[in-house]
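What follows is a set of notes on a single structure, which appears directly below.
Order as written gives the chain letters A, B, C, D and E; numbering starts at 1 within each chain.
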Amino acid sequence: MNFLRNKPIQYLIVALICMIIPLVFKLQQSTMTMLNLAVIYSIIALGFNILLGYAGQISLGHAAFMGLGAYVSANMVSQLHMPFLLSLLVSGLVPMLIGLLLGMVALRLEGHYLAIATLGFGVAIQQVFKEWISFTNGYSGMTAKFPTIFGINFRSREYYFILSITVLFLLSVFAYNLLKSKTGRALIAMRDSEHAAQAMGISLFKYKLVAFALSAFYAGIAGSLYMHLIRFTEPNQWGIELSLNLLAMVVIGGLASIEGSILGAFFLTLVPELIKEIPFLQNIKNVSSIFTGAALILIIMFFPYGLARVGTQLKQSLLSKKKKEQLT
Amino acid sequence: TNQEGNTEVTDTANNEQEEAEENNIELAQGVKEDSIKIGTVGVQSGPLAFIGTPYFAGMEAYFNKVNDNGGVNGRKIELIKKDDEFNPAKSLQAVESLIYDEEVFAIVGHLGTPGVMAAVDTVKEAGIPSVYFGSGAVQLTQAGENFFPVQPNYVYEGKLMAKYAVEHFKANNLVVIYRNDDVGRDGLKGVEEGLKELGKSDILKSEGKLAYNSGDTDFTVQVQKAKSLNPDLIIIYGLSTGTAGVLKEIEKVGFDVPMLTTYSNADASFLAIAAPGAPNMIKNLHVMGWLDVTEESLKPLNEAMKKYFPDAPVNAYTMAGWVAAETFVAGLKEAGDNLSWEGYIEAMNHLNFTEGLAPEISYSPGVRQGVTKMAISKVAQDESGNFYFELVSEFNEFK
Amino acid sequence: MKILKVENLSISFGGLKAVDNLSFEVEENSIFGLIGPNGAGKTTVFNCISRFYTPDEGRIIFSPLTNTDDGESRAEYNLLDYKVHEIIGKGLSRTFQNVLLVKHMTVLENIMLGEHSTTKGGILSQGFNLPIVCKEEKRIREKAFEIMKFLGIDDIAYQLAASQPYGVQKKIELGRALVSQPRLIILDEPAAGMNHTETEELAELITKIKNEFGITILLVEHDMGLVMNICEEICVINFGKKIAEGTPEEIRNNPVVQEAYLGKGEELNA
Amino acid sequence: MLKLRDVNAYYGYVHALKGISIDVEEGKIVSLLGANGAGKTSTLKVISRLVSVESGIIEFQERNIKNYSPEQIVSMGIVQVPEGRQVFPQLTVKENLMIGTFTRKDKDNIPNTLDKVYTYFPRLKEREKQIAGTLSGGEQQMLAIGRALMAKPKLLLLDEPSLGLAPLIVKDIFEIIKEINKEGTTILLVEQNAFQALQISDYAYILETGKIVHQGRANQLISDQNVKKAYLGA
Amino acid sequence: MEILFQNIIAGLETGSLYALAALGLVLIFRTQDVINFAQGEMAMFSSFIALKIWQNNMPYPVAFIGAIVFAIVLGFIVERLFIRPASKASLVSKMIITLGLIMIIDGLAAAIFGIDSHYFRKALTFDNLNVGGVIIQPNALFIILITITIMAILFYLIRKTIFGIAIRATAQNETTAKLMGIPVSKFYSLSWVIATVLGAIAGVLIAPTTNVSTTMMMEVHLKSFIAAVVGGFSSFIGPVVGGFIIGILDNLVGMYISLKWKTVIVYGLLIFVLIVKPNGLFGKVQRKKV
């Protein structure tokens, strides 16, 4: 059973279970759409966590990358009639190139200044979406089709779920491998002490670019998957609100944690919808927003290291209590 | 665009048709002996809730009234409401939930262009009747036989504004200040098209097209530019806050010129925020209208609102919701007991509804224009200083 | 043979000349001390050598022995041509006056960080966990353990670096500098915060590093016991200028140094 | 003046202080010695109420201060020079010094104290307007000590004041400590430089892994062969 | 020429609204290193209080003071209830708390006050001045004046008094600040209270321009961030000048370059300014010492 300790294998098992559940138990279609969305947000959150959690670089403009991925992929599939898989890859690569630009900005800026510069970047890109009609169809919005891979059409929400989980799984394993080796150490070192990192031979230039490029890549992939699930997009979606939501996902899920990114994304996608379903709350206006806000705050107060580390945190406090008792 | 999708859909549609032929009293989903379940989707929370909330209230008020009077053919109408937060993905999710999980008979009054557009394919593939869209998107007139848009689309309204500009205002020099988004851009496009068809393209120069952004608070540039062009009419194609902001600036610099704005602003709540900031210049303002807003015809709405939602305001959005419900029920009455989807669509194809707030709503096979007649009203002031709209033209069509 | 030559180095901050036309040379495989009163400019010199600062004037030449295919050869680098992160790859590593460990890493990971520049494998091969990456990880891990054993901190390999006492943190930093297989290590006050016994251990350790690994050591330190004990040559600076240079014995008895820095002889040995 | 009885403290589940009892008499200099990680800093933090105590008694001038907040401790006259020169890096030297006077009531005497600190550390006067973060290590240490002196404390807690200071200045520091002690400030001193610390102290405690293993009059400890071997070096 | 001046004057007025909103933001940033995303929402809530008082036929000054009193309470409660319990959380986590606050405050405001926009009067309602064809509203001058006064007071407080030094020290190193006897937690309360009051003042003065509604501060708030960053977070003059610059730039770009692309251009300029001066126009550049 030793191989079960291998993280990628654990991921694989979880992924397989998740794929099978909807096939066995028929879930409602809208629920499946929501779960698909949660998986897609997990992908962008994962990329964003590499940036924020590991590399310590903030961005408040990441929604723009997801939007870019969505538009690139819609154009490639619908206008250029490219195969979906190729489009998926390209819709990761294009934002990645733009991500490099943002990385350059990050070389000069820190902390809150970086936050605002990236926010400005996001707003500017969003504005480009609004004005560049030939690429985005402006406010009228862009439509897309369900993807076809090797002749199989992913119109059913269950099949689509298999597709999105597969992508999430692959990207999680990639992230895991990367973060446990040289790059991961370099990013963390850069986050904790730029001086120490530099002295150890870590090029801030290289690793800031790597972090921004990777996270933009993940965002673009998520955008493409979103586009072919919802089959419609328009510029207003890719604004600050989504970028801030993303930030919230990663923080409450757990910074610098792959599982945390996924937990956070699921939390912020599902919880507001579930709250709306609670019968006796339905008459209160804006319950969902109020309760989601409260939940966010409570999680940070009680589990400052995020949902992913709730277990460890509880274990530790129990342990310290026990040890103290033993000692006194 | 969607090859595979389409064939499959026609397949299922065929199946249903066959079933219906075999068994004539087969009712569509959502229809029961004494009830009929329908759904609606719109924004109820977040920054745009000010649109969706009164809109839903208007709809509910009408359905409540119908139900209190015994329903339609003995069937009470059960309305399922979904909040999409103006997010297209959530809107799609809501529509899916209504069609496949709640299994409603029809979607009524789906609100918000992005959400409507995101769900177009799904609604089309399902074949479910969708009546009234809280959207001025022009694409809906071509979306399919099961789509029944009602409110004028922005492009059409723009065209009609051009016509009024030329015929009513005798304008020779026009300026358009528009909200730089789907609403304003479609409106501007309409004005341009209208002028072109009227052979008057020269009265709107490219310097005369002035955009503002939805969040703008400072309209100095737009008003200064407009002023320097010396126009004889300004069309303001924007929603309430922006339009009020423009008016305030116009008041500030004392710019005395006739103005025309969209039907979205044709209600008292707009006057309430715009008038105090521009007490003089607002009297130059004209609004388009597609509804008959005389006290007389508003009476049922006002009464129903007083009864069911005493605290809610009655504004353009309430009226829109009311019309959505009216239109759906009109179709329902027309269809009688033939409550399959085909039956309803068939009935709507012959609808000519004239008893409602809108002067006339009619469809025929292949024609999904919705409302085409609009009139203009001017802002006036009564003795006690209150502002109100005064109808100053007939209901006209473009052409 | 000189491994490091600092020539006419000057740097100023605002109006303050922190280092003023300073030159000194460090003999290969020796322990060289750079001492001087507080604010004399020692850390600033280190920061210039490790390229955190760019001097206003002067040159810094680093000429380590490098292993090439056909035996050892001597390279010559003008350090001012390189960026901070390129220095360690040339065979020069450093520690910091205010210990700079990566707080959220274990001791082991901190030390592995020192091997960053010698680890092979690109982003993609790491992401796909190619065999070369596994092999490299294994190699640097073993190397890290070797160093930790040498320093006697292998038992805390998996603990967080930040919760270690100050003295241990200094050792971890030393290990991190050592693991990159440098030819020259520059140490900024390694004994600060250590007590007498610990300082003696440190002295042994530094000598051992020199002897066993053949690494040259350039040292800034205020603990005169340590400096006099292990340094072969000492350069004394004050106000950024060199005021004396020589063997410990010469320095100890130099009146200028006594006046500016040491105080009278007897107090020294206390 | 200060009394600790059987104090236990934890970091998470690390038992850092295991039943520490210490007395500091008014007007005296008391040293706290021990190897790395023995718990010296933790003891000072417990007194300043930065680390919470699990059990035990902390009294200052007969008052139980266990539930006081750090700022209350300071206003009672206990001021600490923290380990590792914790200056405020973005403030100027002068501003750092002024922070020291935050709780002082006798605002009129502040210029005097400032003059005094400047005579102790002339370098600080030269650098009055420099941003503290750019000072050299030793200069920062001087600043940290000077800042505490600005508060005119009744009890001064010094955590390794000689850290990173040049030999001449170290000598000065111990002179300064003696001097302010003479002027009425009681001192609790943590030092690695044990020999010099004992020379100016009246009494000393030796800590090992969170426990007090030796204590006694300073001059006795200096001559105690065991202590000398284990803690002071030959 | 008149048009140019008209645009600049209007830009100054709008800019001072951004600046006013930014001052509260910067204050909290300076004391706690936290960016308070909810600053705008808190200001919105206070503005509603003023509106309600005014709508109940109370005189304008009463409404104004009512909003300020409310803001004092609100700032205190928010700090005690939401920020302090999370004192151990990281800085980004605190940012998320303020995001959560947005959701709560927005939700509550909509539930309590409804979702409609309301007209609110100006502080000064004298007739407009006409200076050589340029029309100036006395109210605009009043707003600009208030902004500069508040800026000056804050500047003095932070730069010159022992409290100011203590506030800055606390932001740099909380633990050591405590060791110096600074009542850190009281300072935090106080800075939230002051910041919320500043927000309320901004809100009440902005209301005549944006109308009072749950969304009234959205755009202003965003611009105020940018103002703070362009000017530099490390001073109080910076954000004010930053606000003026953005207000004027917005108009000039719209006037002379393009109304449609002005957002892209202004944000592009912002990023450019930051790249050239990474600490903002008034921020100090510091060589970090190792």
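Rule of thumb we're sticking to: a residue touches a chain if its C-beta (ideal position, glycine included) is under 8 Å from a C-beta of that chain, and two chains touch if they have at least 3 such contacts.
Note that the structure is predicted; figures quoted are calculated from it, not measured.
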Chain pair showing more contacts of the two, A-E and A-D: A-E
Chain whose average C-alpha position is farthest from chain E's own: C
Maximum centroid distance from chain A, chain identifier (CA atoms): D
Averaged-CA centre spacing for the pair chain B and chain A, given as whole angstrom: 36
Chain B-chain D separation of Cα centroids, rounded to whole Å: 75
Chain C-chain E separation of Cα centroids, rounded to whole Å: 48
Distance from the mean Cα position of chain D to that of chain C, given in whole angstrom: 30
Touching two or more other chains - residue numbers and ranges from chain C: 13, 43, 52, 96-98, 100
Touching two or more other chains - residues of chain D: 134
Sequence positions of chain B contacting 2 or more other chains: 45-46, 49, 180
Of chain C, residues touching chain A in the complex: 50, 52, 83-89, 93-94, 96, 100-105, 109, 112-114, 116-117, 119, 121, 123, 126-129, 133, 136-137, 176, 180
Complex interface listing, chain A residues touching chain B: 28-31, 33-34, 37, 78, 130, 138-141, 143, 145-146, 148, 153, 155, 226, 230-234, 236-237, 276, 285-286, 288-289
Residues of chain E touching chain B in the complex: 3, 6-7, 10-11, 13-14, 17, 106-107, 110, 115-119, 121, 128, 135, 137, 206, 208-211, 213-215, 218-220, 222, 247, 250-251, 254-255, 259-260, 263
Complex contacts: residues of chain A adjacent to chain D: 316, 319-320, 323-324, 327-328
Chain A residues within the chain E interface of the complex: 52, 58, 105, 108-110, 112-113, 115-117, 119-121, 123-124, 127-128, 131, 195, 240, 244, 247-248, 251-252, 255, 284-290, 292-297, 300-301, 304
